[in-house]
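To start, the structure itself, in structure tokens.
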Amino acid sequence: MADNQTVGETLASRGISRRTFLKFCATMTSLLALPPGMAEVMAETLARTRRQSVIWLSFQECTGCTESLTRSHSPTLESLLFDAISLDYHHTLQAAAGDAAERARVQAMQDNAGKYLVIVDGSIPLKDGGVYSTIAGHSNLDMLKETAAGAAAIIAVGTCATYGGLPHANPNPTGAVAVSDIIKDKPIVNVPGCPPIATVITGVVAHFLTLGTLPELDSLGRPKVFFGDTIHDRCYRRPFYDQGKFAKTFDDEGARSGWCLYELGCKGPTTHNACATVKWNGGTSFPIESGHPCLGCSEPNFWDAGSFYQALSAKTLPLSAHAGAALAVGAAAGVAVGLVSRAKKKAAARQHTRVSADDLEKGGGA
Amino acid sequence: MSGLEHIGVQVVTAPQDGARSYVPALLREIEALLAELVASGRHGRIDLRSLPLLPGDDARLAALLGNGEVDAAIQAMGGTRVRETGVAGVWWVTHANADGETVAEFVEVTLVPEMLKTHPQDARTGLARLRERLAELTHEGETDG
Amino acid sequence: MSGPELLLWARGTGLQIAVAIFLFGLLARFVELWLLGRKTDLSVARASAVGPGLRTVVSRSLPMPGALKQTPLVFLGGYVFHLGFLATLLFYVPHIHFLRSILGFGWPGLPPFLIDVIGLVTIATLIALLVQRFTDPVRRFLSRADDYVAWTVTFLPLLSGYVAFHRLGTDYTLMLALHILSVELLLIVIPFTKLMHMFTFALARWYNGAIAGRKGVRV
Amino acid sequence: MSTPAERATNAFLEQIDRPTAAFFESCVHCGMCAHACLFYTETGDPQYTPIHKLEPMRRVWEREFTLFGRVKKWLGLSKPLSEAELKTWEPLVYDSCTLCGRCSLTCPVGNDIVYMVRKMREGMVAAGIAPDGLKEASIRAVRVGSPMGVTLQALKAQIAHAEKDVGLKIPLDQEGAEYLLLMSSAEIMQFPEFMGAAAKIFAQAGVSWTLCSTAFEATNSGIQIGSSDIAAQLVQRIVDGAEKLKVKTVISPECGHAYTALRWEGPNLIGRPYPFKVQHILEVLDELRAAGKLQTEGMEEAKLTFHDPCQIVRRGGVVEQPRNLLRMVASNFVEMEDPGIYNWCCGGGGGVSANERAEPLRIKVFSRKKHQLDQLGVSTVVTACSNCRNMLEEGLEHNHMQVSVLSLTEMLAEHLKE
């Protein structure tokens, strides 16, 4: 896949007009909250640059993230991004197989040392020497370390790569960890979500391609421009929450009236993502709009945060065993203290010295 | 293609508060950009999506600006509509994706929006394509003759 | 620990620890108190102690004649704070869901804007009561560290709840986690401070009413 | 058992029970009890806050009977009771508390504070730390038979006087009488009219009654100083006398704490129920009234009010009887502010009147009663406790108030139909 074409040349060879590309850039400036006048500059710069070498590593994952990017049956603006990059290694998308595929990766790393972008989806198993996921005889850990060494930056895509995701869920049989748990010396952008919104992945890559920098990140390494607000902050059903109108079941009057899904377990209040604004499937809808509570998939450990259908404030672990034990120990402690107290009272009664008139006369008692 | 009307969802919007509308401020910004264009020929652009507009603000702004002479439709992986407003030099550009959803919306202050122009590169590609066609035509003619 | 991790810990392990300590303390303290016992009263009762005892458990919520005028702030503040705290605790929808997940049943909540108002009034009242504790000669004289600890652990859930409710502060998830942790702190502290009065008050009122009641006095 | 502090601690260990623990556990330091206590309201001094008077006993409870207190004790974080501490608290427990029990009515968590002050005094007296006046009164009560040193001889002289006054026989040691009347020293010596009044009333009602030569004194200094041992001794005398004479009912006279001592504490002090009934004189009179055996004539026209003795009304349960009786003989009876069980103490109950050291404070806090009486503008205040009567008279005189103090029983006797 590696070639030396400019982005402009690639676009031309695919029959995509520069006008369409300008439209793409204009959309990106809007999405990334960049100055709107940058669209033309962005388009011109991008067209003249060589296509960015991108190595996409897939570890313990389900390919949902890739699906999210490529799912559309019609060419979309987002997919234009593939024309602006040179995707030199990607299990699902590359034509090459076996040794040839691995050679492509090594070649890209050599040709673009220090400049290539690594995109990772999937978590990395560490348990038992990383044996639970290997590619071409290399453990994921080795491949990540080797590939990351010469990268300009890493974009961790999907909740598995960003926080460990499903493989990391209790009891985490493979010892799965996130990219950021392993790589400490490279800039990493986390684009969580299960899967992440395609536009958000595209936006981050576009930011890097056009400005040569990574977007501003929050404390969990997520681009603030997409993850700055919670779903709840931007939810169109928020007025119902504020009015205290909640759907109680999936088929009651409240559900049909489009009321707030908090009671059905919506994790919107604690979930940072752009679903409520960017939406899914080309801007058609997002889970809450379709009547389903937010699962909180772009937050760490969302698999272990209790039932998807239990309210956010509910407990996540059973209490009865602890409560029972505490009550038993409490009763025992209480009885122990109480019995000692009773013994003390009895002893005090035995030691009671009768107060007599003589005692009072002496002024001091016995 | 919004599914809202099909799944019986009522969308509630906050009550409109005219006093807090961004329209007056926006109009002043457009005025400044237009003055700049007249004075120095510099283009300006406002990303409507980046502003915390109240529901109905965009429609109010559009109504205030009015309709001009140009209303162009572009098909570029989804429709793009470029309209000149009633204020000449002020354009309203709406980008939609292949599904018809608006993905970006701008007010542009310029003589001709870039989206309407043909890029020189595209023109070159067009020329090449035209020459291919001509070559084919000549070839056909030769075969026929 | 990040906000989401802290929240998860607070809703899981943290809650387990807090509930365990709370129940342990509660039962231990109650049993220890109960086992102290009480001598049978050999004097002939003028009236039954049961009715007046039960009556006082309820009626002591009302001020003695004239008392309202003497300490209006403590009285009204006491009402507003206790009722406000209970209202926000029991009738805010997320709280109901928290309790439902533990108790297995729930009840209808109040609209959030009402909870907001009640919460703010309760916070203001609690602050006023603290100021009064500093300024009133009797209350300042009586106050020990225990009183300020109890005030603080009661105030924190209200404050953190209000901040989380209004999405103030940097991160809602973190605020929510801190809110739950503050409630857990309160739970842990209850059995070992004067906050135990929330359970023992009924027993104290009962004895007061019963002791007077068997003499034929309704207090 | 040697040091006073150890003896006090031991007594507290005996005294603290489940209600006490529930009360200490429930206190939130709201300070409302201060506003129910005339020693605070009339001085503004926070140290007189009722619950504060119990601090030494509360510390023993916490240290010895609670989980946390035990741990603290074990870690050496709490101090044992000291004699100095008890001495500091002595004036608080004895001088500034009349055991009136008004604080117990206001406490929002329901603490019966006076119930605990009574127990607190057990510890104080076990340590020998109590006012001299109370100690001396207790010694006289045990040795002579009366806290004021009234002897049988003196009683007999007063009986002779009274018999001459009213022309009726006053029975002494008459076996099988229905009623055994007790009297307080004050009634025997200061207000001997009481004896005559009783004789007239009983004669009219046609009931049999008697005095007892071995049990004439009703008061109980043991209750006031807080010693159950001494109180039991004094109660036992009355029980012995009543049993010897085989009376049906023992009448507690117009004395507040005597009623508490005999009626409510007595059986618990001697460890068994009585074979006779105990009634306050007002209860007896009201029963006679209800049975039509108390016939009066004429009405007091002057505006008058009733001072509720704490131990008889609030702590004794005799609330309606004095009012029923007053209405028989007074046409312009008005209630004070805070009447009945909410009444304010005269300032001298609970042994305060026997405690010379407390006198200035007692006189100072009489301002509450003065205020109540000034509000009404009455010329007469009726009461049913000779100690209240003394305190009222002293207080009124000190404040130069022209109000006369009457005994309800005596007032009734004066209106008896001839």
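By written order: A, B, C and D. Residues from 1 in each chain.
Everything below uses one rule, namely that a residue touches a chain if its C-beta (ideal position, glycine included) is under 8 Å from a C-beta of that chain, and two chains touch if they have at least 3 such contacts.
Only a predicted model underlies this, so the values are computations on that prediction, with no experimental measurement involved.
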Legend entry - Chain whose mean Cα position lies farthest from chain D: B
Legend entry - Chain with minimal offset from the mean of all protein Cα atoms: C
Inset, instruction - Select, from C-D and A-D, the pair of chains that is joined by more C-beta pairs in contact. - result: C-D
Legend entry - Geometric centre distance via CA averages, chain D-chain B, whole Å: 97
Inset, instruction - Compute the distance, rounded to whole Å, between the mean C-alpha positions of chain B and chain C. - result: 61
Inset, instruction - Could you grab the centroid distance between chain C and chain D? Build each centroid from C-alpha atoms only and quote it in angstrom. - result: 38
Legend entry - Centroid spacing, where centroids are CA-atom means, of chain A and chain D in whole angstrom: 76
Inset, instruction - Would you please write down the residue numbers of chain C that are in contact with two or more other chains? - result: 25, 28-29, 32-34, 36-37
Legend entry - Multi-chain contact sites of chain B, meaning residues that touch two or more partners: none
Legend entry - Residues of chain D touching at least two other chains: 16, 65-67
Inset, instruction - Within their complex, state which residues of chain A touch chain C. - result: 219-220, 230, 232-233, 241-244, 246, 262-263, 269-270, 299-301, 304-306, 310-317, 319, 322-323, 325-327, 329-331, 333-335, 337-339, 341-342, 345
Inset, instruction - Please name which positions on chain C make contact with chain D in the complex. - result: 25, 28-29, 32-34, 36-39, 41-44, 46-47, 56-57, 60-61, 63-67, 70-71, 74-75, 78, 136-144, 147, 150, 192, 194, 196-197, 200-201, 203-209, 211-212, 215-219
Legend entry - chain A partner contacts - residues on chain B that touch it in the complex: 1-4, 7-14, 43-47, 49-50, 74, 76-78, 80, 93, 95, 97-99, 101-106, 114-115, 118-119, 121-122, 125
Legend entry - Residue numbers on chain A that touch chain B, as the complex places them: 8, 12, 17-20, 22-24, 26-27, 29-31, 33, 36-37, 39-40, 47, 72, 74-77, 80, 236, 239-240, 256-258, 279, 281-285, 289-291
Legend entry - Residues of chain D touching chain C in the complex: 16-23, 25-32, 34-36, 40-41, 44, 46-47, 49, 51-52, 65-68, 104-112, 115, 263-268, 271-274, 277, 314-317, 319, 337-338, 341-342
